[in-house]
Amino acid sequence: MSEATLEGEKIHLWRGERHVLRGVSFRVTGGECLQLTGPNGAGKTSLLRTICGLSYPEAGAIHWRGEDVRRDLPAFHAEMAYLGHEPPLKMEFTARENLTYWIGVRRRLTRAELDQKLERVGGERWADRPVHTLSAGQKRRVALAGLLLMNVPLWLLDEPTTHLDVDGQRLVGTLLDEHLAGGGLAVAAVHHALMMSERTLRSLELGVV
Amino acid sequence: MTWTWFHRLASPPYLYRTAGRLIAWFAWPAAILIVAGLIGGLWLAPPDYQQGDAYRIIYVHAPSAWLSLMMYGVMGIAGGIGLIWRIKAAHALAASAAPIGASFALVTLVTGSLWGKPMWGTYWAWDPRLTSELFLLLLYLGYMGLRAAFEDLQRADRASAVLAVVGLVDVPIVHYSVVWWNSLHQGALVFIGRKAMPPSMLIPLMVMFLGFTLYSVAVLLMRLRAEVLNRERTARWVREEVGA
Amino acid sequence: MSEVSAWSAALPAAVPERRAAPSALAVARLMLERDLRLAFRKASQLIQPLAFFVIVTTLFPLAVTPSLPELRRIAPGVVWAAALLSSLLALEFLFRDDAQDGTLEQFALSGRALTGLLVAKTAAHWLLTGLPLALMAPIAGAALGVPQAAMPGILASVGLGTVTLSLIGAVGAALTMGLRRSGALLSLLTLPLVIPVLIFGARATQLAIKGESYSAPLLLLAALAVLATTLAPLAATAAVHINLE
């Protein structure tokens, strides 16, 4: 297995009649975070969804560890985590149940691990409450616990700080710094600057078409 | 992936022009054959010794039934090709075939029940072929309903293609289960028609089959052209084509 | 680069990670448990199809006649049409909720075969509607004057037939999961496809009521279930991918 790098090569994507991505290229390696900036409609979310294989680009390719991800999508998925706009949670389940099923499909979880990550995002007090009773910020924190539990090298994050207070935004920054320090990579679509170490941060500005 | 690129940008104008050139090659023979078949079937062929002149509706009914099935085949196979190889022209073809097939299914049902009135004394007698034709029409309506429900054309193409392929597997099962059902309940009711026909009746029928088939291909090509134009309406070649 | 070893370089982290992955069977069981637990949290949605089944079957004595011998004649049709519609009723929500809250997307991106997960979800749907309907059909039959000897036949045919209904219905549900107010469209897509189930199922029920052997239509129902099990999940997977795109 070669080094953890993610490359996009001249990606073109249409949404209906809109040519959303026009030849976007990028490269991220272990220890780096690429932040995607640009106004609404610039294609930040589209690019993230294209990287993780949900959208199919009309031209161009995504390479992970030097190989086209389309050649073995499940293997690529096993090494990445995608967090969309809204935390992917069942309102009827507690935070703990949500994580059990969401992450349990990928890997075996121990109770200690669950407790530890829930504590890491400050959720030990409300971990056993149904998610519909939690605030938007708390839901976002549950999603962050899921991100940690997936234990994968590549993070794809869409507006990871939405609904979070200053403490929460700082938490996202710290988690990202730790992830990168361990050799991980991240691509994040952002509106507000991430509160993280500038040293590892690079930007890709997408323009409106 | 260069293929989808190729098909997206290079193929539509080529397809549009080729289809345009081909139409006449199908339309004229179709017109001649249908006129000849109608003359042969409605005037030259002798009346049936049992059914009198009523049987003559078969010259429209049977070719329509055949084409309602064939168009489903075109739709399912084109949809499958579009799904697997992501070829947009194939999706356009599937979308063009559906209304044609649905129209033929409707014609089959109407002519079948018109025939039923003198034969069975009623317009609708749960004849197995007409019953499964009715389900075929409903499958077409479901397909077109699903297409119409999506705002995004690509999604409409791909989702309806899945349905068409599923239907392709299911249509024979539905047909034979309906035949089986009918043999249990209405064993005595016989759909008259397929006994040995004299050549004077059979030849016009064959001519009509061929004429209807060529006609459908011509209409399919016309619809395909319209579909391609609509899909490519922002492309430069369309502006040149239409503006010129 | 030396401190950057955890994810990069040669094998480390990723390989033990693979070994920690649960088996396909364990994943399917987890998914099944999830859907069942979720359904019992929303008990009202669970009861609706069954209540609907009861209402539809009671409409007929009221609309046609209370005479049991006459009802016995139409009982197979009543039971089967009601079972078909009740099974459809719950299908609309099979993938819709998970698609809306983003959990389905996460499963599609989990690196696990989506087909297996969808089969587990479909199995949950059958356990929550098909099986209860099969258990209730003989009771509804009794109310329609069906003799007791016919009960095993009704139970078996509805139980087997609803397997196919759930599987083919799952394709329809996956195709329409992103559409608003898709109930009528879902019925239009699904009902013509499941006509054979209705024909063979009603025939088995009819023979059971007459006290004759119903093994032929039951075997045909089994054949349909096998065919649907092999093909429908693939179509449902394709449909889910299309709607997540």
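List of remarks:
A, B and C label the chains in the order they appear, each numbered from 1.
The working rule: contacts are C-beta pairs under 8 Å (C-beta built on N, C-alpha and C of every residue); 3 or more make two chains touch, one makes a residue touch a chain.
Just so you know, these numbers come straight off a predicted model, no measurement behind them.
Ranked by C-beta contact pairs, the top pair of chains is A-C.
With centres taken as mean CA coordinates, the chain nearest to the overall protein centre is C.
Averaging Cα coordinates per chain places chain A and chain C 34 Å apart.
Centre-to-centre, using mean CA coordinates, chain A is 48 Å away from chain B. The residues of chain A that reach two or more other chains are 56, listed in rising order.
In chain C, the residues that touch at least two other chains are 245.
Shared interface positions of chain B, i.e. residues touching 2 or more other chains, are given as 154.
On the side of chain B, the complex with chain C involves touching residues 83, 135, 138-139, 141-142, 145-146, 149-150, 154-155, 158-159, 162-163, 165-167, 169-170, 173-174, 177-178, 180-181, 184.
Residue ranges on chain C touching chain B, taken from their complex, read 168, 171, 175-176, 178-179, 182, 185, 188-189, 191-193, 195-196, 199-200, 203, 220, 224, 227, 231-232, 235, 238-239, 242-243, 245. Residues 1, 3-11, 13-14, 17-18, 20-22, 27, 30-31, 34, 37-38, 41-42, 101-103, 105-113, 117, 244-245 of chain C are the ones that touch chain A when the two sit in their complex. Chain A meets chain C in the complex at residues 1, 3-4, 30-31, 52-56, 74-80, 82, 84, 86-93, 97, 101-102, 104-108, 151, 153, 181-185.
Within the complex formed with chain A, the residues of chain B that make contact are 1-2, 4-5, 8, 86, 152-154, 234.
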